[in-house]
Structure formats: structure tokens, C-alpha cells
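What follows is a group of structures, each given as C-alpha cells.
The same chain A turns up in both complexes below, where it pairs with chain B and then with chain C.
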Partner chain A sequence: MVRYIVQRLLMLIPILLAVSVVIFVMMRILPGDAAVAFAIESPAELEKIRRDLGLDRPIYVQYGIWFWGLLHGDLGRSIQLEKPVLDILLPQFVNTLILAAGSFMLAIVVGWSVGILSATKQYSLADRLAMLVTLFGVSMPAFWLGLVLMWLFAYELRWLPAAGMYSIRGDKTFWELLNHLILPAITTAAVPAAVIARITRSSMLETIRQDYIRTIRAKGLPERAVVFKHALKNAMPPILNITGLQLGFLLGGAIFTEVIFSWPGIGWQLYSSISGRDYPMVQGFVLLTSCCFVLVNFAIDILTTYVDPRVVLE
Partner chain B sequence: MARTDSSTVTLPAASTERPQWTKKKSQLRIAWGRFYRDKMALLGGIMIVLVAFMAIFAPYLSPHDPYGMDITKRLRPPGTPGYLLGADESGRDILSRLMWGGRISLVTAIVPVIAAAIVSMVIGLVAGYYGGWIDQILMRTLDVFFAFPRIILAIALAAALGSGMISVMLALFAGLIPYISRVAYGAALTTKNLQFVEAARSCGAAGRQIIFHEILPNILAPVIVYSTTLTGLMVILAAGLSFLGLGVAPPQADWGIMLDGGRRVITIAPHVATIPGLLILFVSVAFNLLGDGLRDALDPRLRDASE
Partner chain C sequence: MARRIWRMTWLLGYLIVIDILIFGAALPVGAETPRQGGTLVYGLETEPGVLDPHIFGPWATARVVMHIFDALVTFDTTTGSTRPPIVGQLATSWDISPDGKIYTFHLRQGVKFHDGTPFNAEAVKANIERMTDKESPYYFERASARQRVAWRWLEKTEIIDDHTIRLILSQPFSDFLAYLADKQQPSAMISPTAMKKYGNKQIAQHLVGAGPFKVVEQVPGEKVVLERFDGYWGKKPYLDRVIIRPIPDPASRVLALQTNEVDVITIPPPDSKDQLIQQGFNWMQGDVHHIWHIPLNLENEYIKDKKVRQALNYAVDKKGMAQYVLNNTVIPAMHGITMPTAPSWDPELTVYEYNPEKAKALLAEAGYPDGFKIKFQVSTAGSGQLLPVPMMEYIQKNLRDVGVELEIDAYEWLSYVGMWIQGAKPDVAGMQMSTGRPYDHWLSRVLHSKNDAPVGWNNGHVKDPVLDDLMDRATVEPDAAKAAALWKQAVQRTAEEAYSLTIAHDLMPMVLGPNVKGFKFPHLEWFSFRETWLEKK
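Up next, the complex of A and B:
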């Protein structure tokens, strides 16, 4: 087990290296390099800025310099805000994590319980209803759902706040935060919850059909023990896998939520960085989220082997 | 994403161990029969045809000029005479804009999927059939892209390519290739080791012949099924990129831009944002239904294994 973890950890190095190369290439080779973002008219001035930014040197040298900076936590400077990218992104990243954590918990609770309920009561009215709702869930444009929720609950019913993490004048209490988190979390969690519910249902159904479950039932074990103790345990690996993947996708989906609800996270920042052509910021954003995604996937792999030790043997 | 009504298990084509390659026609007919019986899938297909029809014939069907502003009609609610779905923040007819916007939104979503499916099949076939270093180089390179969440990859690419319909399509196309290639590759690997391929090889068939005549027909089904399901997601993603300001530039309208426009007036006129969003949802549901139906019809073994 320890050996497996170390192996997987070592595999992270080439992946992260490759990720950095891809991001670098995407941002540098494709049209519209960073110097253009300064919107300078005269060619001489453009040339000077190119030189200052090191854009006139060979591409692999540029990468080397950039990567060396990366190792030292230097993601470049924001063109718009004229501050180091990391200094801007890190505090906002905490806010994004709060949103992601809330949404993820919601998605797990809803997804797992709906999936298990649907599987144990296959073809019942509840099951059919759940499958219909999740069909709409997996097809949902989250940014639209967010707008509708905001209009309904914030403007029409006035139950919940429409924007931000805290009220402007209020104290920064936990309840304030929770109150502001509800609508964004539902928006972000809707699609993942539906995906998780569907995979939970099908994985549970597959397990419940197996012979050993019939044997346990024949032994007279109460249904609850059959479902939770025996079936769920064996249905877990694919469920965990998809659930974990959703955490990664949450980070992407959160962008739209943050824009709609003015949640001061990195997605919200990305929105203004895109319109301001602030490439170092966009680059930093992509780097940060993809590193998270890689680490999350790593954690899931380890967790999966913990639940299903057969994986290590393969 | 699995619908598990067990209607296909008893059908002869689903249960035979060895598919019957010689009877190509009957295979297709069996698949069509299964698809036709699948009411939900048929519904999905009809929904898509309906929207596509509306978009294709927008010049003849749309009641107003989609770009014609009439400030006196600003934010008219749905049901206003002459403005069935109301008017937007500039007084433009929403129905007409939906029809015209469909031309952009649907093309932006569907073309990358088709292009990516073709390229991915080539990658999957070559990597899967030849194996060795070609396989290693191709598939390990694509592996890297799985390190990016799909939305982030699309955003990064679209941001790097600059805004516009073509760059969004390129971004979606590039983001799709790793995913579809993996499906094509997996199917090619499985097929490669089946007996009938071995039979063809022992009959002296050339590599090219085996790839195109033996393996390709067998990876088509999973690729088509997966691509169809992805199309719904691409409609959403394309609209999402427009929403973030990475898509086509206003006043040209697609559904994402309409949504973004409606966002600014959501407090006073919620219909402006709600209606295009509903249409995106409608199309996305349709592609999911169609995808599920195609999966059950073309390759029942795939059910439950997807997602």
C-alpha cells in the first residue's frame, strides 16, 4: 500500500511537468502574446516591452525562466492589478474552496442518498421521478440555474442574499457566510449531484443483482444491513471515482457561479481578467485549478485503493 | 448516465456472443428497431430535429429582424402581440433571436464534436491497432489533457485563441479529442483481439484493411454514442463561454450572449434570461436522451458502463 502511494506520488511529477508545459505553450505560442495586452501602438515600444518580458528569447529559455519562477512561487505579475499573480489568487482561492467544499458536501449528500434510494426502490414512482429530475440535472446549464435561483429566492421572495460572501454592513459571522452560501452552493452542486446520483444508482443496482446479495437476503439479514453493510461497500469504488471527479469539475463550474453571485473567488477574478486580457492572471488561474484537479485525482486513487484493495494488485 | 429498463436483454442481437458482421443490414435494422421502440430516445431525436429546423429556417420563420432594436418595445413580457416570447433589453424580438442564435449555438456545439470524433477515431485506431511507441506517444500525450477539468481547458484555449465563434469551436474541438480518443482507443483495443480480426489476419488481410473493414465498424457505435452525449454538454459549454465573454461578439447573438444580456435585467425582466436558458436545457436534455437511446440501440453492452 505504502509502495503504491509512493509510486503514484512519483507519477505526479511528470504529470505536473507536462501540465506546466501545456499551459506555457497555450499562453505563449497562440496569437495575442502578453505584450499585445499592453495595447501599445508603436513597434519600437512593443519591442522594448517584449524584451523586458523576455519574449524575444528562444521559447525553451522562456519556459525555463518561467518554470524556475514557478518553483519559487512566482506566477508573474498581473497586468491589470500590477501585483504578483499569486498574491491576488491565493486569498480568493480560499473563498473558492469554501464554495467548492459547501457544494461538494451538498452534492455528495444529495447524490448518494438519491442514488441509493432509487436503486433500492427500482421502478417505483420515487425512482422514476428521481431519474427524471437527474436527467434534467445532468443537462443543466448551471449559469442559468443560478440566475433563476437568484431571481426567485433573492429578488422575488427575498429569502436569501443575491451577491457576495457577507453583507456589506453586517459582521463576518459564520451564519452570514452560510446564508450567502446557500444559493451559490445549490447552483454549483446541481450538475455534480445529478451525475453522482445516477452513477450511485447504477452501481448499486449492479451490486444488488449479484449472487452474494441474494445469499445474504436468503440468510434473513434485514434489508437495511444488506443495502448499507454489504451492497454499498462493494458498489463504492465506481461511486467514489465519479464523486471525486466531480470535485474537480466543481472547480470549473464554480466559475459561473462566482460570476453570477459575485462570489469573490478565483472564477470571479478570472472573469475580469479575461475581459481585461490579463494573460498572466488567466495562466495562473489555469495552473492553480489544474494542479488542484491533479491532486484531487491522486487523492481519489488512493482512497479507491483503500476501499477496494484489489486495485493495487493489478 | 444509465437508464436501466431491461428491454434489450432478451433480444437476439444483444445476447449473441459473436456479432454477425455478414448481415450488416439486419444489424442496422435491429438497432433502428430498438431505437424506435425507445420512446424517450425518439423524443430526444424529435426535439433536436425541431430546434434544428427552427434554426435552419430562421430567415423564413422568424417574425422580426433579430438585430432590429425598437426601444419602445424594450423588455416587453412574453405574450405581447407580435412578440410571442417578449422583447429583450434593446427591444429585440426574443423568438427571432433564439431562432437566429440557434444557427450559431448549434453549429458551435455540433461541428467540433463531429470533427473531434473523426480525428479521435483515427488516433484511437492507429494507437490501438499498431500499439508500441505510436500508442505510447499518442495516448500519453492525450493523458496530459486529463489533468485539466474540461471547462478550464476550454476557457484557457478560448482565452488564448481570442474571442470569436471559430476560436470557441477550436477550443471545444481540442478539449474533446482526449476524451473521445480514449473511448475509440479502448474499443479498438478490445476489438483487435477478437477472433474475427484474427481470422482476417490469418487470411492475409493487410493492416489497413483490418483497420478500416474489421475494427472501424466496431468502434463506430461507442464513439457515436459518446459523442452524442457530449454534444449536449458542448451546447452548454459553448453558451457558457459566450456568457463569459469568450464567444461570438455582440450584436451577433447566440444563446449564451442572450443569457448574459438577460442577466443584467434579471431583477426587472426575468424572461429575457430565462427563455434562452430553457432552450439550452431543452437541447441538452434532448441530446442526453438521444445519446442514452443510441447506446441502448447500438451497443447494449455499453449501458451502465458509461459515465
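Up next, the complex of A and C:
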């Protein structure tokens, strides 16, 4: 097991390197570079600005400089904000993690409970209603749902704040944060929760129909024990896999949520960095999120071995 | 003696009565007394980005920077005038030599930067060197590139004494002061102590100016917190704090205003206008230096024909666009390629009123009775671009009515700007842009053959010796009235030749909460809250 973990961790290095090269090249293929944003006032000076930003050098030299910095723990400086990338990304990453964690928990709690309930009460009114709601959940774009929630709860009912992570005039308390987290978390969690619910339902249904469940039911075991002790455990591997994958989608969905709710996370920063061709910021962002994505999937793989003894890690 | 005292008392009483009459009449009944204190939260439409006054770009950033940095000269946005006058800020006055080449600035005394460094001629020299002198320890290449146009004819800077500095130009430049006041940027003063201490790359994190507010916190993507600078040389602001909060989504910005999370927003969506006014918010809009136009590409096979260019101008219903697409948050651009706040603006000159029949006739005269197919390029969004794609679709419908098939080629903003500054390619009939300045030399940057893209902003490759001559004369004309007359002629010439398809002038809508007082519409795309105060809710 330890060998497997070390191997997987070592695999992380080539994956991240490949991702960083691809993004580095892709960002530079895009028409219009960071110098253009500065040169719009004086186009004749475009080359001067490129030189100042180091964009006049061959792409492999630029990558080499960035990589050398990375080896020294330096992700470079943001072109748009004139600050070290890490100083901007780390606090924003924490903010995104708060949003992602809140949304993820919500997606798991809602997704699993609705899925299990639907499977155990198949074709009941509750099941049909739940599946209808999840169908809506899967189809609703985050930017639409976010605005509707904001309009209803922030504007019409005045129960929750419309934007930001803390009240701009108030103190940074935990309750303030929780209050501000509810709407963005629901918006981000909507699609993953719906997907998880549907997969949980189908996986549970498949398990419940199996012979051994019929046998233990015939033996007179209480329904709760049948569902939670015997059926759920066997239905878990695909549910876990999909849940892990949803974390990746959730990080992607957070970009829209952060823009709508002005949540000061990396999603919103990525949006403005790509628009401004702030290459070091985009590189830093991709490195960070790729790490997260790979590590979460890795964690899910390990978790799967505990849930399903048939899976052997090699 | 008693009689003298009696007489003096009478005189005094008389003076008091006169005073009351004069000043009493001057004060409006029930005038509100500005309230000291409070925090104003401003929902900005974008992340303000880097706040170094010599390198920032967007107008939105200028609305943050102006609080922190004072400049030698500025446009006074507090008068309410549609043509904000240029006034001294850190310069109390200036003399211009008769040949228009030497500007002597008399600097304000007793001014201190936020770090306590005294403001003087040395500080001005250091700041100018940062943008112009490669040999200077303060030199910053990006600042030099950014401010090249303003300082292009600066030959020499001479310190006369501690509070007098002389700038010598190689040629007269009638809009030199306007350039220095533009976004309050080229003549913005940074503390030389801070420049030395932090260097060009670190200064953006340690912004030390001589403005009425100082920076206390900058959190990218979240907020910029400004606090009143008690050592400010001028009238102290009423507000204790101004917090700038980026809210890029327009609908979220409106909701944040409606839920009292912000006090002021800019660029609200046009369709929110009626609702916000009904709810008691103060919707402000007015003339600013802005034009949304399509420079027509003279290297395109159809566009090089003057009759075709004129036909396109007649074919577009600009009034309809202002009303139906933009809910009257713009005015139709019917007075040539200039702006309501520029001296060349002439309301008497009305050109190309909507006339599809005339457009068809002109196309037939040009040899295209059955029309043709052309391509316009446009950005999907971007600074000051309004609603570029719906606007272009409206134009597409108008052109179809006169037999011209329009292909719309839309690009993301920065990709588009990258293409735009290279100039229009021959297969493209025009590339939309929205731009403008409150002074007329802007026209030369857009239309002079010397500024043909990719060197300058002459994106449509206009090469007109008559126009060049008018603009060259206007550029060096020291008499403001004569210069304005020449610029007016240049605008007229451009309209006759139909070098551009002028569409709309933005009115820069902004919305203030009912408790925000003392703010006058600036008639510029940039402003500050130095005169603003908050009424108790």
C-alpha cells in the first residue's frame, strides 16, 4: 500500500509538468497578449512593453524561467496586479476551498440522502418528485440559479446577503461567513448534488435487486439494516467514484458562482487573469487546481479499497 | 463720544443686515449640511487591477487611483459643467511662453505625501523622469511606453526653485495640459521616497500619493479600502472611508445596491433603469467623452468608395438603436466624429440622419444597386463597449434593408484589441471601437496618416492630406478658440468623407443610493468621492 501511495505521488510530477506545458503553450497561442492590454494607449510602444514583461523572449526560455522559479518556490509575479502570484493565490485559494468544502458537503448530504430515499421508495411520489427536482438540478446553469436565489433570498425576502464573503461594513465573524456562504454553496452544489443523487439511486437499486438482499430480507432483518448495512456498502464504489469526480466539476462550477456572488476566490481571479492574459497567474492557478484534482481522485481511489475489498491497488 | 458710538453701532447693524441679506439669499432654503464621517461602498464593474498611476489603463481604475494620487493639473469634475475645466491641483498656476513651448508650473507649498515626504520641484522631476528618462534611477519602461503620447514633445525639465519647475517642449502642443490632466495620470505624483524605497515593481503594493485618501488595504478580487488622509493639503473629504468593491456581474451589482450592500454602482444594465428610479435610487447620466463608432477601412474594395461610406452612414438608424437596444442610456452620434465634452463638438452640425432611400440611391450611384456583402469585426464585451454584439446585429438588420449583407465577426476583448491595434485587414470593412477623450487632439490619434495602424489608432488607414493639415495646425495653435475652430473643420471634413460610421455616445449611467449626497455627475468617465457625504439612514 505504501509503495502504491509513493508511486502515485511520484506520478503527480509528470502529470503536473505536462499540464503546465500544455497551459503555457495554449495561453500563448491565444491571440492578444498581456502587453496588448497596456499598449492600447500607445500601439507603437507594444514591443517596448513586451520587452519589459519578458514576452519578447522565445517561449521555451519563458517556460524555463517560470520553471526555474517554480523549483525555488516562486510562481512569478502577476502582470495585472504587480504582486507575487502566491501572495494573491493562496488567500484566494483558501476562500475557494471554503466555498468548495461547503458545497461539497451539501452535495454529499443532499445527493446521498435523496438517492437512498428514492431507491428504497422506488416509484413512490417522493421518488418521482426527487427525480424531477434532480433533473432540474442537472439542467440548471449556475449563473441562472445564482441570480434567482439572490433575487429571492437577498432582495425579496432579505434573509441572506447578496454578494461577498463577509459584510463589507461589518466584522469578519464566523456567522457572517456562514451567512454569506449559504447561497453560493447551494448554487455550486446544485448540479453535483443532482448527479450524485441520480447515481446513488441507480447504484442502490441495482444492489437492492440482488439475490443476497432478497435472502437477508427473507431472514427477517429490519429494513434499516438491509439498506444501510448490506445494500449501501455494496452500492458505494460507483457512488464514491462519481462523488470524487464531482469535486472537480464543483471547482469548475465555482468560477461562475464566484463571479455572480463576488466571492473572492481563485475562480473569479482565473476569469479575470485569462481575460487579461496574466500568464503567471493562470499558470499558478492551473498548477494548484491540478494538484487538488489529482490528490482528490487519489484519495477516492484509496477510499474505494476500504469500501470494496475486491479492489486491489497495484 | 456717545454720538460716535451710536453712529458705529448703526453702521455695524447696517452691515449685519446687508450680510444677512446677501448670504441669506445665497443659501437655498433648507440646504443640507454635509455630514462628516461614514463609509461609502462603491460597486465597481471590474477588478481595478494595478493602481500605479503611471501604468494603469482602464477608466474604471482611474476612479480608484484619483482618490490616492493628486496631479499637477486635473479636470475639475465638481462643477457640473459638460466641459470640465482644467484646474491646478498640485500646481497653483502656470505660465505658457508666447511660442507655446515653455510651461512654467508654480507648485503648491506645504503639501506632504502620505509618508510625510514634502512635495516640491524635485518630486515632480523624479516623477517625470520615471516616464521619460532612460538614464534616471526612477525610469520605468512600462510607464514610459504608457505615457509616451503625453510626453512625446518634452525636451527638458528644469528646476527653477523648490516650488517652480519648467517643462520645455520641442514644439507647441495646444492640448498638452489636457493630456497631463487625462485620467489625472501623466502628472500624477508618487512620493519619490516611496519610489526609491520600493522600486518600480513593488510600488503598486505601497501606493504613496498626495491625494485626499490613503490606501489601507488591497485584497485582489475583494476590495480596496481607502481612508481619509488627515494631512491632506486641501479641503478634507467628508467620508472617513471609501471601499471599492469589484462586482463584475451587472445583475449582481444592481442587487447589491438594492440590498444596501453598496452605496454607488456604475454601468448598471440599461433595462434596470425604470425599476431603480421607481425605488428611489438616484440614476445619473450625462454627456461624457465617449463615442462608439466603426472606423471604416479605406483599404477595403467597397469602402474605398466615398458614396458607399456615406450610404452606410445613412442606412443605420442611430436613434432607433439608442432607444430600443440601449434604453436611452446613450445619445445617437449625429454630430460627426467628436464627443459632447470636446471643444470641437458642434450641435449645429447634424450629419447622416436615418434615410434608407438615400442610402439605396447612393449605393446605386456607386455601382452597387443590388448591394454586396461586407464584414465588420466586433468585440463581445470590453471596457466601454456597451452591448457590442446586439448593437452590431441592429446594424446588420439596417444594412440588410438597403441590400448590404453584413457578416459579424466577434472576438473576445483582448484578442480583439490585439487585432485592432494592428489595423483593419483589407477583407474587413470596419472594426468597431468605443473610445474618446475630453480634448480634441484625440482626433489626430485616430485619423492622422502619421498614426496609421499599427503605429497609432488610425485603424481604418485614413490618409487625407487636407485633414492632416487641419489637424497639424490645430495641434500647434496656442489660441484655444482658433484651435477649436480648426478641430471643428477636421470633424466636418471627416463627416463629409464619411471615414467613420459613428453610432452612439454613452451617457455613463451610474446609480447612487438615496443617502449619497454632494456628488455631481462628473461628465468624465473618471471621478472621485472627495466632495461626497452620506446622509444618516
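Here is the rule we go by: the second predicted complex is superposed on the first by the 273 of 314 C-alpha atoms of A that agree within 3 Å, B and C clash if a C-alpha of one lies under 4 Å from a C-alpha of the other, contacts with A are read in each partner's own complex, and residues count from 1 in each chain.
The rule we apply is simple: a contact is a pair of C-beta atoms (placed from the backbone, for glycine too) under 8 Å apart; a residue touches a chain by one contact, two chains touch by 3 or more.
Quantities reported herein were computed from a predicted structural model and do not represent experimental measurements.
Chemist: Mind working out whether A:S124 is in touch with chain B, chain C, both or neither, as first, second, both or neither?
Modeler: It touches nothing on chain B or chain C.
Chemist: Just chain B (first), just chain C (second), both, or neither: which does A:Q92 touch?
Modeler: Only chain C is touched by A:Q92; chain B is not.
Chemist: Could you tell me if A:Q210 is touching chain B, chain C, both of them or neither one (first, second, both, neither)?
Modeler: After superposing on A, A:Q210 lies clear of both chain B and chain C.
Chemist: If you stack the two complexes on chain A, which partner ends up touching A:M165: first (chain B), second (chain C), both, or neither?
Modeler: Second partner only.
Chemist: Is A:G276 in contact with chain B, with chain C, with both, or with neither (first, second, both, neither)?
Modeler: second
Chemist: On the A-aligned overlay, A:Y155 touches which partner chain: chain B = first, chain C = second, or both, or neither?
Modeler: After superposing on A, A:Y155 lies in contact with both chain B and chain C.
Chemist: First (chain B), second (chain C), both or neither: which does A:P264 touch?
Modeler: The second partner, chain C, only.
Chemist: Just to be sure I read the superposition right, which of the two partners does A:E45 touch: chain B = first, chain C = second, or both, or neither?
Modeler: A:E45 contacts chain C only, not chain B.
Chemist: Quick check on the superposed pair: does A:T173 touch chain B, chain C, both, or neither? Answer first, second, both or neither.
Modeler: neither
Chemist: For chain A, which residues lie in the overlap of the chain B contacts and the chain C contacts?
Modeler: Common interface on chain A, chain B vs chain C: 30-32, 143, 147, 150-151, 155, 259-260, 271, 275.
Chemist: In the complex formed with chain C, which residues of chain A make contact?
Modeler: Chain A residues touching chain C: 30-33, 36-46, 48-49, 51-53, 77-78, 80-83, 88, 91-92, 143, 147, 150-151, 154-155, 158, 161-165, 167-169, 259-262, 264-265, 268-269, 271-272, 275-277.
Chemist: Flag every residue of chain C that touches chain A in the complex, lowest number first.
Modeler: Within the complex, chain C touches chain A at residues 39, 41, 46-47, 49-50, 52, 55, 57, 141-142, 144-146, 148-149, 201, 204-205, 219-223, 243, 245-249, 251-252, 255-256, 258-259, 261-262, 411-419, 421, 453-457.
Chemist: If you look only at chain A, which of its residues touch chain B in the complex?
Modeler: Residue list for chain A touching chain B: 15-16, 18-19, 22-23, 26-27, 30-32, 122, 131, 135-136, 138-141, 143-145, 147-148, 150-151, 155, 195, 198-199, 201-202, 205-206, 242, 248-249, 251-253, 255-256, 259-260, 270-271, 274-275, 279, 282, 286, 289-290, 293-294, 297.
Chemist: In the complex of these two chains, what residues of chain B are touching chain A?
Modeler: 1-4, 143-145, 147-152, 155-157, 159-162, 232, 236, 239-240, 243-246, 259, 262-263, 266-267, 270, 273-274, 277-278, 280-281, 284-285, 287-289, 304, 307
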